[in-house]
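The two complexes that follow have chain A in common; it is paired with chain B in the first and with chain C in the second.
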Partner chain A sequence: MKSRQDRLIAIAMIAPSLVLLAVFVYGFIGQTLFVSMSDWGRGAALAVNPELSFVGLDNFRELFTGFLDVRFRQDLVNMLAFSVLFVGGCLVVGLLLATLLEQGVRGEGFFRTVFLFPMSLSFIVTGTIWRWMLQPRGGVNVLPTLVGLPRIEFAWLTSRDQVWQWNWQDVPVILGVLAALACVVMAGRWWLAGGRKRAVAAGALAAAALAWTFTAATEIEVLPFPEYHGFNLALAGVVVAAVWQMSGYTMALFLAGLRGIPDELREAARVDGCSWWQLYRYVELPLLKPIIWSAVIILGHIALKSFDLVFVMAGPDNAATSVPAVSMYLTAFRGNQFAKGAAIAVVLLALVSVLIVPYLVSTFRSRGAE
Partner chain B sequence: MAVRSVRWTRFLLYAALVLLAAAYLLPLYMTIATSLKAPADIRLDTAWEFPRELFWESYAVAWERFAPQLRNSFILAVSATILSTVMGSMNGYVLSKWRFRGSEVIFPLILFGMFIPYQSILIPLFQFLRSTGLYGGLPGLVLVHTVYGLPITTLIFRNFYAQVPNELLESASLDGAGFFGIYGRVMLPLSVPGFVVTIIWQFTQIWNEFLWAVTLARPQAQPITVALANLAGGQAVQWNLPMAGSVLAAIPTVLVYIFLGRYFMRGLLAGSLKG
Partner chain C sequence: MKARWSLLLVVGLVSVLLALPAAALAQATGEVEIFSWWAGDEGPALEAIIAEFEKRNPGVRINNATVTGGAGVNAKAVLKTRMLGGDPPGTFQVHAGQELIGTWVIARRMEDLSFLFEEQGWYDVFPAGLISLLSTEDGVWSVPVNIHRSNVLWYVPENLERWGVSVPRTWDEFLAIAPTLQAKGVIPLSLGENWTATHLWENVALAVLGPEKWQQLWTGELPFTAPEAVAVWDLFGQILQYTNADAASLSWQQATDMVVNGEAAFNVMGDWAAGYMSTTLGLEPGKGFGWAPSPGTEGIFMMLSDSFGLPVGSPNREGVLEWLRWIGSREAQDIFNPLKGSISPRLDSDLSKYGPYAQSAARDWKTNTIVGSLAHGVVANELFMNDFATAMEIFLATRNSQAAANAAQAIAIQSGIGR
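== the complex of A and B ==
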């Protein structure tokens, strides 16, 4: 049916795209990896094509434990806190909006358009608008005075207060405890699922992780001095703007999910005497679970990459509110430290890959089985 | 009693929705109100008041100032959208109807390219553009947006073409149609919605993009996002101008969204691999 010649034409037609992507995605990632393990030609650092010499993981060691790279560590903390708040905010708001719209409201199209229109804006536009909205003595802060309430006194983007502070020297201990917790959770799930042997093994791993945490991990000297990092309250304003822009996305996802639930299922639950809340809690929410997970992954990777919004709202030179995506740009393209910039980019890529690769693999494995 | 409680919940439902909609529209109101005020009338404590006299000059000034960058963004978005859409359509056709050995493995590898943080390819990309003389100008940006747009356009078209029944292709090939004949006679006429979804998605993404715009464009080739960020980032800003600039920068994508929102949504869902 399909001639050999046509098959060759097909491959020839897709070949240019494959070559371009192989070079621009995988080739360039490889090159970035190499640059991140080089010194970018030290003395000739300003040259465009300097002679690189290999320095192993030195750049990474400096980023995580070097005296000068304190900003990168604060960036990481900012990024993690921002990601958690942003993803959580989008999930909660999106679920609320979708649930409200699912009740058969008149003018649903209008409301949907309103909640979704910020999605079509550039982060630069959103950031510009919200920077004006979040002026300490105007915008959102004076909004309550319109109905006779006192003014809000929060400084938003110019705030310098940090909360949830912790010591960077505790990183090994924190990681150990987190690993132990993860093992405990897995053990519990396997135990309930009947996989006793696996559960015991996971439990043993958890115990080992804990033992390591409170013996060897406390001995690791990450830094010779305590260094405190926390969540900068100035980022709260960026979170608000980001949720305003992206919650329409989760709403759309959840709405599509809720619409996909067959009516017979709802009918059956009602016949069984389920109240609205029971139907929602025990039938609809569990069915939304896969969509919630994909929303977490998609929004999570957007949060890790977020650059534009922080850049325009807090300013690129604002160390207190910076994130790795911004400081990579500054380090490489303003500071001409290309090797270190590449190292930051590699850390970012690793974090994003941890989210995305399993997602891609599971998506295509299940599709292949169909 | 029951009727009454139903009425109450309906009332609360609409009250909540109206309040939420108002909250989502507040920034829009603020932007328009501020953009229509004379600089002297912009005060923090009266920021929420609608201007008593409409001051349209900000738009004239912003237009004059941003016209070159709006033009750049327009050229960039249109060219890169066309290129990446055409290539994506061909890729989607091959990956859905002309599968070859390894194509099932290649597809996720292609998609990975749309999730990576672009910082991780930025330094080699910068070097590559410098060495080919494409750095700083619009052609370089068009190339970059085309290449990194390929994963999403390929994804949308592959999923779209997968729904075309194979019987249609077989009957066309019985009539003597080859690779291009089937594409031209069967696939293209069916793929208008696929093209609309892809074009809208790519146009919006490229128009709104910032990282490459700020790293790879010389001032003459600067897209609107960079110009707006520079204006708003300065100290002691006159807020009427950034607000008018924001409106100008937002108009193309908001218009697309308002008139073709349904297709915009499909691009959105496709991007999460759920379309």
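== the complex of A and C ==
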């Protein structure tokens, strides 16, 4: 009897937040999905009751293959490049700082606070400060003149130089090769782990992906003309600012991780004759792995959703540094194309889910195992 | 008996209720919310007419709601979410032309103000061309408060003398003197962030096409892929060769600064630059800085205008109408515009209250051919304007005139120009 009452109370306690979540998170995700498959934005978009009709996946098709949505595609490329550099940068700098602080420097508390402090600023403030510092005619670029060197001429946020260019028409081939590579890696891991059957299956999948890539994929016409995208050097400025802001956070994570490693392990390793580097590489780093993963997840979804930093640093129409969240805002609220804006939102949601869902699944599984 | 008493009571109550709005008509009261992006440098002009209005209408309190951010991009986004959410402000700033008509009027979000224009005699004092930008067949939809000119070329007379060049009257003349300036280490034309590139483009297009064909672009009679429209991009590309490499990271003020400092010879910008140079930088008009119609556009006035309308469901309709009566008056406009650096659209404004630049602009306003600006929301709707940035991007990345023209035409079709 008691337990049933407990359960009722528990449900009553959870119900309000469940209802709120259902309406304000999942309800609105559903509404966004619906809008993204409508044509809201043709004609009087801001009418009291705008006329919507269902158009299926037209908006998505336009985003990925439409002549006029070249900006969205470059934004996607920018976002991926930014995410990789930002997450990588934060991990490296954070790990470096944590390792240095771990050596037992004097005034560790002071340095910890100093490095962690940028995180307490909002991206708006960080963006404004760094925009000033990265002005092509001042700030960082004139620093060398203080010691008599020539001024740096790099246009941090507005350079139009692009490296590693590739053709958007090759997207199916690239995706095919990536899928095949992923299958090969899985096959290799299962083979080594002894799961022969699984490994063979993965290998077969890889072969199939490759076969598809070099037959059917080359036939798909994504665009009627070549369209080149690449890494915009102008993103460097945004990456620097973002790493400056968030590397203190990864430092704190790593520091906690390093503190959590029991001293017995270190001592045992030393007794076994480990050098400083071996201890670091074979004992400490492997034990930090779960922390690295959570840092990647947390920073990764910040990077995918980044809007404020880019908007403040480079303004709304700077295509060289633009990301999908910025064009989502402009498409919906400046261009009145609410359906297309919603479609961009759905693409972003899908990308974030790719990152978050496997993480959630693995946490649930490990909890289940306990 | 009882029934009769209650009937009397009801009649009495109803007549009191009916009398209430009549009393309100006589004297506007309550709060009026004015939604705009006029903050910072542009704030004082609005504050001045608000102060005067509150003095004259002691019962009304103005809530000056501004949302800052370049050219109103954030204010417009906030406004749209408020309107969609059923919470319209009392009145809001909107550019005359397609930004008003193509976004708000076709969505039936505005109230017809023709009765106000009748009542105040505005049909006679505002130029017919301007009223047509505020109207559709069904009515007049907002009250204009100012006029800015887009096609102005700025320079410093002393510097030009020193470099031995004169003010170019056509882009050909500009291209002829540009190499000379470059040889002297001077940037021939300074340029700022992306929207200023669109601003330059509209000036070049007006010079190449002339006023009639410029209008035809926006009625759909002249496609963007017509040879003369493609030629606009060709000339635009030639001119860009003579601009500063770091343009995209400069604000329009910084681009103006380059002319003032003598780093650059010319700058094409709207006449808010006159306000910036004379008020903020303290330069003497005509001496510290000079101006001319942008090359090839003499006798043409490319205009933009800020206006205020009455949204459907506006709280305190009477108060807003009183505000609209005030900002349309000669008195209010002659307080507002000298501070804002613009001119009054009224043909009877008192020019003695304005500076030398505004006086010359006001003369041109009365005599020139009037056309609307693209970069500032007059001739094309917001869908076109938002996507035109893509056409510009295609051109800047590839320098391919035909590709940019094709993109512009595709955008025109998509946004329903000429439909």
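Throughout what follows, the second predicted complex is superposed on the first by the 346 of 370 C-alpha atoms of A that agree within 3 Å, B and C clash if a C-alpha of one lies under 4 Å from a C-alpha of the other, contacts with A are read in each partner's own complex, and residues count from 1 in each chain.
Following the convention adopted for this analysis, contacts are C-beta pairs under 8 Å (C-beta built on N, C-alpha and C of every residue); 3 or more make two chains touch, one makes a residue touch a chain.
Quick caveat, the model's predicted, so the values are computed rather than measured.
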Chain B versus chain C as contact partner of A:Leu330, first or second or both or neither: second
First, second, both or neither for A:Ile298, with chain B first and chain C second: first
First (chain B), second (chain C), both or neither touched by A:Pro150: neither
Which superposed partner A:Ala319 touches (first chain B, second chain C, both, neither): second
Chain B versus chain C as contact partner of A:Pro262, first or second or both or neither: neither
A:Pro226 touches, of chain B and chain C: first, second, both or neither? neither
First, second, both or neither for A:Arg137, with chain B first and chain C second: both
First (chain B), second (chain C), both or neither touched by A:Ala252: first
Chain B versus chain C as contact partner of A:Leu68, first or second or both or neither: second
More chain A residues in contact - chain B or chain C: B
Those residues of chain A which chain B touches in one complex and chain C touches in the other: 48, 135, 137, 315, 329, 333
Chain B to chain A touching residues, read off their complex: 13-14, 16-17, 20-21, 24-28, 30-31, 34, 43-45, 47-48, 87, 90-91, 93-95, 98, 100, 104, 106-113, 115-128, 130-131, 147-148, 150-151, 154, 170, 173, 178-180, 204, 207-211, 214-215, 225, 228-229, 232-233, 239, 242-243, 245-246, 249-250, 253-254, 256-258, 261, 264-265, 268-269, 271-274
Contact footprint of chain C on chain A as seen in their complex: 41, 43-48, 50, 67-68, 70-71, 135-137, 155-158, 160, 315-320, 329-331, 333-337
In the complex with chain B, residue positions of chain A that touch it: 1-3, 5-7, 9-11, 13-14, 16-18, 20-21, 24-29, 31-32, 35, 48-49, 96-97, 100-101, 103, 105, 110-111, 113-125, 127-133, 135, 137-139, 142-143, 146, 244, 249, 252-253, 256, 291, 294-295, 298, 301, 304-305, 307-308, 311-312, 315, 325, 328-329, 332-333, 338, 341-342, 344-346, 348-349, 352, 356-357, 359-361, 363-364, 368
Complex interface listing, chain C residues touching chain A: 70, 73, 76-77, 80-81, 83-84, 103-104, 106-109, 193-195, 245-249, 382-383, 385-387, 389-390, 393-394, 396-397, 406-407, 410-411, 414, 416
